[in-house]
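To keep things simple, chains are lettered A, B, C, D, E and F as they appear, and every chain counts its residues starting from 1.
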C-alpha cells in the first residue's frame, strides 16, 4: 500500500491540537482510586508448558472493577533472585494465546508479564480467557464504541486501568524487582502502553509500536480500516453523536496520556500504516512528555518507510532487546 | 451471486438432523419464568413525529433481566378501539431507527410494535438506544459469540426473551386487542420470530423472512459472510471450543423453536442468499411444527430464486399485507 | 471510507468554474416548449394497496416526447380539500417500486408524487415500469453516456424534462394545491431536483440530498464509483471524445441549473461520499441562485461528516419534515 | 480461478433440456423477412489506415430495422479476384475499434468483415460508432435486459439480425466470393456466430470461441459475473418477471440456434470460464445440429483446461488459421 | 471462508491416483548422489542474539549443487551433551528471519535447526539471505514454475535436496545426537518435510502442518490462491504445456514421497484451507508409507474444522511438544 | 480509477531530483563491452505462420552474457530491398507470443523485431520461450527484486543489455536498413525503450508508452500495484535494505537513461495510471535529453486523461503510424 498520509517531513513535526478534557487528571485519578479499592487478588500458578528453559505461570489479578484479568508470567528457568520486568499488552482482538508463544523477554533474561485484553481474544491467534463483565450501549461490533457516550463507561477506561494494575501485579510477582519496569505493546497494546506511561510515574521505559488510539478523531477520519473505522461507522449511523462521542474519546486518547509521560520511550511507526496512520503516531510522539512536569524525556522513533501496520516486527524486537538491556543496565 | 447451496429440489425437502439439548424446554421455561419475575414496566410516551396519519409512541418495557428495551408503537391516527397487533423484531446490527420509518403496519390499519435488539443498533440505519448491560467472555466482535460457552450467558437467550416480552408488552399496550398477535422479522428478526413462535403458544401468525439462526452449524460451515462467519471465525481461534460452542448454540437454534411452533407461518427464502443459506431456512421450514403437539400448522414458503439476502423486500411485504388481512379477518 | 476530497473548510467555500454553454437557456426553453406540445395526458387510477391511512393512485403523465411516465400519488386517506404537494425523483437505477413504499409525505399530511426515472428501475429495490423509448449511440452500460455526443440526445435532457412535467402533473392532480410545490430527491433524484429548481420559477422549496450530476467533470475525475465512473470509463475508450462529451454534459450539469434557482433550498452532503464527492455538492451549493435574477435564496446545508453516499437518511427526513412544515405553513 | 462447474467428464456429455418456444422458427423467419424489406444499403469507403499490406474499407450496411451498422472490411493489398470471406462479430461491450486492429484474416489471405454490436462499443478497447436507435423498458444497465419482457423487443433480436445481414453484406462486397463464408466470434461474438449458424443455411464453417448466450438460464444461475449477472440482477429486482423473462430469452438462446446449424464447427471452451460457464458451452456443442434436418455436422471442441474467459486467444487463432485454410481449400 | 472441498467423511478416506513417474527413485537417488559429491561445508558461527536462555548459531551448509544454504541453530544455553534435534523447513516466501524468532524447540530442550528456502525469503516476515543461483525458463513469478518443463531444473528438486542436506548438517552439528532427528514444517515447509521423510530412511518422526505440494494437479485445479494458482496461471498462458508440466511436477509431488516414508507422522489439516485444500493433504496422509517396504507407519491427523491455512498454529505446537517428547523419550 | 497523482499542471513541469550514481556511464559502458565480447549469434529461421501478406522469422540472438534471446522478425511479404526497422520490447510478464500477433509494423511496410523479456513470458498472453539462466538472491516473486542488492546482478542490467543487443541484431537482419531504427515499447517495454535510447546513440526515434521504471523510488512509494509494489513489498520485509536497494535501482532507473537520449521521442501517459503513475512518466519526459550533450531532442507527449495503464492502445498506435512514417521519410 502506498504512502497516503502527510509527507514524511511534515509527519516528523506534526503536533496537532488534540482535544483534552479539563478534568482529565481527576477522571483518571478517580478511576485508579476506585480500581485500587479492590484487592489485587494476585494468583500465580505454575504451568506445565512443555518448555525447559523458561518457567511459565498462569497469572490472574484484579483489574478495573476488581474483575479478574489473565496474563502469562514467564521467566528464565532456574534463575534465582529478582529480575527486572517487561510488561506487555496485547493487540486488538488477540488473547494471551498459549504460554509457549510468550517467551521472548524470558529468553532475554527478564521477568515478563503478558496481559490480555478483556472481552477480546477470539479474533486471531490462539485465544484468550478474560471476560469483560460490563455490558454496552447500542454499539457497533468491536471495542471502540462500547460506552462511547460516557467516558466512565468506555471500554478503554477499563482496559487502561487493567494496564496500570498489570504493572502493579508485575511488581508483586515473586522474583521481580519492582523498581525496574518497562511497558510495551503493539497497536492497541501500544495505546495501552502510552496510557500506562501517562498514569504510572516511575517506569524505566516505554516501548510503543505502531500505537493505536492516538489522535482518534484523525484516525477515524483518514484510516480506511478497523478499528478506527468502527468509530466512523458508528457515527455514520448515530449521526447526532459526533460531539459527544469525541468528547468521550478525548478521555482515552493516547496523546493525552503521552503528554504526561516522563519515562524515555522507543516508538515505531510504519509510514504506510493504514490501520494506525503515521500522523496519529507522530501526534503522540511530538506531544510526548510535554506535560510531564519535568524535562522532556527522550523519545526514539524508528520509522519503517515501506511498512503497513506490521511495522518493524522482529527487527523492532532486536532494537528493543538492545534498548531494554541498556535501560535495565543488563 | 450464483446458486451455491443445495439444488432447489433438494432444498424443498431438506430436513436435517439438528442437535437439540435434552433440557431445551426446561431451559426456556426457566428463562421465561425468571424474566417474568421482573415487572413489565411498560412505558408508552407519545412522540411528536411530524406525521399526521399515524400516531407514534416511544415504548419501553422490561426484557430479560428486567433490562429496559426500546420499541416504537405506531397505529393509525384517530382510530378508537382495540386493534390487532403486528410485532416486529429488527435485523442484525440495526436499531429501531426513527419513528417515521416504522409506519407500514399502522398504515395498513393495525397496531404495530417494532422492537430493537439490545446492544446493537449502530451498524446501519438510523440508530438504536437499547443497551445490553450484560458483558461477555472473550468474544469476537458481534453478538454471535457473546456467551458462546454457556447457554445461560448467550446473547440470544436475552434477545429471544426480549422478543417474548415484546409480545407481552404489545398485549398490554393501550388500544391493542391482545388476542390477535402476529410476529414478524427479517434475518435476525426472522430468527427471533421463529423463537417467539416456539415460546408463545397463542399467536395468530408467524412471518419470518430470510431467517437467521436456523441450523447454525450448517450456517457456520457454508456461509461466507457475517454473522455466521463470526462463529466460524471464533472457532478458528478458540480451536478447542467446537463442541462446547455448538452445544450452547443448540439452545438458541431457531430450528428447535420452529419444531414447537403451532401458528401458521409465512416464510420467505432467497435461493442465492449468502448470509442465511437457503438450506438453513428450509431446515426450519421442514421441521416447523413437528413437535407442536398438534396438527402441523400451515407453512407458506415464498422462494425468491435470484435474490441474495435482500429477499423479497417490498414484494414480500405485499404478500404479507394480504396474509395478515386474512389472519386478522380484516 | 475516509475523507478523501478537499478539507472541510475549503469545501464550504468551494465555488469552481463550471463550464456553461452560451445557449443554455435557449436550449432548455426550446426543450420544454417541445415537451409541452404534447398533452399532459394525466391518468390517475386508484390502487388497492392494502393500506388504510393512505390513498394510493397509479399516475401516468406525458414526459419528454410525450412518452408515458409512471409515478405514485399518495395522500392521507379521508382528507378533503387541496393539499400542498411534495414531488420526488427517484435515485439512479431505482424504480417507483411498490406503492406502500411511498407513504412518508402522505403520512405527514401532504400530497406526494413519486416519479420514476425512465428506462431504469431494475438495478435495486422493487422495480419500475417506465420505458425510455429513445435509443442511444455507442454507450457504456448505464444512463450517463446515452447521447453523450449531443445534448439534444442525452438521457438527462429527457429525464429533466420529465421532472418538470412531473411538477405540472402534480399541479393537475385532484386534491392538490398547485401553488405550493416542493421538489426533492436523493442522488440522481437530487440532481433532477436541482434541474427542476432552475427550470420551474415558482417553487416553494427545493430539497436535494447528496445530489448527483453537479460539476460532472470533477465527479468523473475524482469519484472511484459509478455512475460518474461511467463517464470516465467511456472516455477511456472513446479517447477522442473528451471535449465533445463534456460540452454535452455542460447542458445537463446541475450546477448550471442551481445558478438559476430562486426557491429556498435544503441540501445535504456526506463528507465521505464516494459516489457524489462533497466538493461537487458544494459546487452546486455555492453557485445556487447566483443567476436567479433576484436576491440569493436561502440554502441550508446539512453536513454528515462520517457518511458516505447514504447521507442523512431518516435523520435528514426528520429535518425535512420540519422544513417542509415551515415552508408550507403547516 | 479454480474449476467450479461440472466435472469434465460430465461436461463432455452435458445435453440439458433447454426451453425452446414452439414458434421459434416463425419468429425468426418473420424477423429476417422484416429486415430484408430494408435495402442493404451497402457503403464501402476506402480508409487511409497507414497500412500497406492490407487494404481497409469502412463499411456500413442496413441491419435490423434498416439501421446502419458499421464494420471494417480488410483484405490483402494488391490481390485481384474474389476471396473467400471470414465474418466476425465483436464481443460484449467492444466496438470495431480502429481498422489496423482487424488484420489477422486479411494477413492470412482472406477477405474479412468485422461487425460491431449496436449501441455498445464504449466499455473496453478503442471504441465503436454504431448506435442502437431502439429504446428499452425499465432495464438494468447493459444489453441483456433491454426488451426482456418481449422477444420482439429484445436487444439480441436486433443484434442477431444484424449478424445475418452482415453475412449478406459480406457476400455483396467487391472482391468477395460469396459462396465461401465462415462466421466467427468470441464470447458475445460466439453467441452471434451460433445464431447466424442457425439462421443462414449455406455457411462453410462456424467458429465460436467461449460463446456467450448458450443455455442462458443456467448461465444466470451459476455465473458470478456480468453479463449473465445482468439477468440475475434484473430478476432480483423485478421478482415477478422470472417466467416471462426466460420465455423471452428462449428466443435468443444460442442453444436453440445451434440445434439448427448444419455447417461444421470449431468451438473453444475454457474449463475455468466464469463468464461463460463451460457447461453452457457444452450445452450448445452437444445440441449442435440436432435439428439441422441433415446429418450431424462435425464439431471440433478445443478445451483450455486452465483458462478463464480469455480462452485460447492466439493459440486458438492458430488452430483457426489451419481450420479455415482447410475449409476454404486454401 | 466456508467448507468448499470434499465432505469430511470423504476426505478421511480420499486416496486418489496420483501420477508417479517410473524412474522416480532413480531420479532422486541420482539427485542426492550429485549433491553429496559436494562437501557439506558446514559453518557454525555463534551469534550475539541478545538472548540468554538460548544459544544461537548462524549455520551455513552446502545444499543442492553445493550452494550455500543458511539456517539458524538454536539450543538451550548451558546444556552440555548431545541433544536430539528438530529440523524445520520454512514456509513459502519466508526467510529464516531473525534468530530470536526461532527459539521454541530450544526452549523445549532440544537442538533445533531452522533452514530457509533458497531464493525466497522476501515476501513476508523478517527476511532471508539464501540465494538460488540457478536461473529459470520463462516462468510466472514465484517458485512453482521455475523449471516446470524439466524435473532436473525444477526449483523443488533443489529445495528438497537442500532439505535432505539439512538433516545431514543437523547430524553434523556440535552437540547433536544424530540418531534422533525429527523433521517438521508448515505449508511449503510441510511439503519439504514429507519429501525428506521419503528420502531419509532413519528419522524418528515427521510433523507436517497443512502441507503444500501434495497432489499438485488437484491443488492447481481447485485452489483459488497462490502458490497453486501459479501453476494454473502458467498453464493459462503456456497452453500447450499441460502434460509436460504435470509430468515434471510428478517428480516433486509430496504424495510420491509420502508413499515411501517409514517414520511415524503427525499431520495437521485445516478443513477450510484455501491454499492447501484438505483433500490434497489427505491424499498424502492416505498414501503415507504405502511403499515404505515395511509396516505402515502411524499417522496421526489433527483436523482443524474451522481453520483456513493458518491451521492449528500454537495449538498444534502444543500437540507437537508432547508428541516430540514421546518420540525422543524425553 | 480517479486521478490520484499530482494535478495535471504540476505533472507537466514535474522534474524531480532522481538519484544517479557517479559511475553510471562506466557501469553501462562496461556492461555493454562485456556483452559484445559474446558473438551476436544471430539465427533467423523462416516460420510457417499461416499468414500470406507478412513473412515471419524466428530470431535468436545473444543478449547479456551471450544468453540466447528470442524474438519475432516480421516484414511485408514479397518486398525486396532493405527496410527501416521498428524494434519493440515486450511488457512485464509477457512473452513474444505467437508470430501472427506481431504484424502491425510489417503491415505498415517496415521490418519489425519483437523481443521478449528473459525469464518472463508466462503471466499473460500466449507465452514466451526465453530463459534467464541467472539466479537470484532472496527475492520477492517477480523481476524487480532479482539482484536488488547489487547493480551488476540486477535483472534489468541483463534486460537492458538484451535491448541494446536487439538493436544490433535488427541491424544485422537480412533486408533491414540498419541506419533507420526506431525503438518502442509499452510499460516495461517503454522502460527498456528509454534505456536503449540512452545507450544507443544513433536511433531515428524513440516511442515509449506508459513507461515503467522511471523514478522508481516514487513509483514504489505511490503506486498501489505490482510491479512497483514488488519493491515496496520487498523493503517491507528486508527492512534494512532501503538505501542499498535504491542505490542499485538508480543504475537502472529509466530517468537516468532518458537524460542521455538524443533521438526525438513520442511518449504517452495515462493520467489515471495506477501501475506507472503519471508523475514518474513526466519525470522521464522532463529530464529527457538533458545530458545528451547536444540540443534537447523533441519530445511529444500524448496525455490520455481518463486512462489507467491501458493508455492509448490502438489510438496511440495510430499516432505512431504517422510519427514513424514521418521519421522514416516513408
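Methods note: a residue touches a chain if its C-beta (ideal position, glycine included) is under 8 Å from a C-beta of that chain, and two chains touch if they have at least 3 such contacts.
Note that the coordinates shown come from a computational prediction; the quantities given were computed from them, not determined experimentally.
Q: What shortest step count links subunit A and subunit D in the network of chain contacts?
A: Each step joins two touching chains, and the minimum needed here is 2.
Q: If you average the CA atoms of subunit C and of subunit E, how far apart do the two points sit, in angstrom?
A: The answer is 63 Å.
Q: Using mean C-alpha positions as chain centres, tell me how far subunit A is from subunit F in Å, no decimals.
A: Centre separation, subunit A to subunit F: 50 Å.
Q: Report, in whole Å, the distance between the mean C-alpha point of subunit C and the mean C-alpha point of subunit D.
A: Once rounded, the distance between the two centres reads 39 Å.
Q: Where in subunit D do residues touch two or more other chains at once?
A: Residue numbers touching two or more other chains: 125-126, 233, 239, 315.
Q: Assign the assembly's chain-to-chain touch graph to one of these shapes: line, ring, star, complete, other.
A: Drawn as a graph, the chains match no named shape, so other.
Q: Quick one: in the complex, what on subunit A touches subunit B?
A: Touching subunit B from subunit A are residues 93, 95, 116, 119-143, 145, 233-234, 237-239.
Q: In the complex, go through subunit F and note every residue touching subunit C.
A: Touch list, subunit F to subunit C: 1-3, 272, 304-308, 310, 312, 315.
Q: Write out the stretch or stretches of subunit D touching subunit B in their complex.
A: Listed in rising order, the residues are 220-224, 232-233, 235-236, 239-240, 242.
Q: Mind pulling up the subunit D residues that touch subunit F in the complex?
A: Against subunit F, the touching part of subunit D is residues 49-54, 76-77, 97-98, 100-101, 103-104, 106-109, 125-126, 313-315, 317-318, 321-322, 325.
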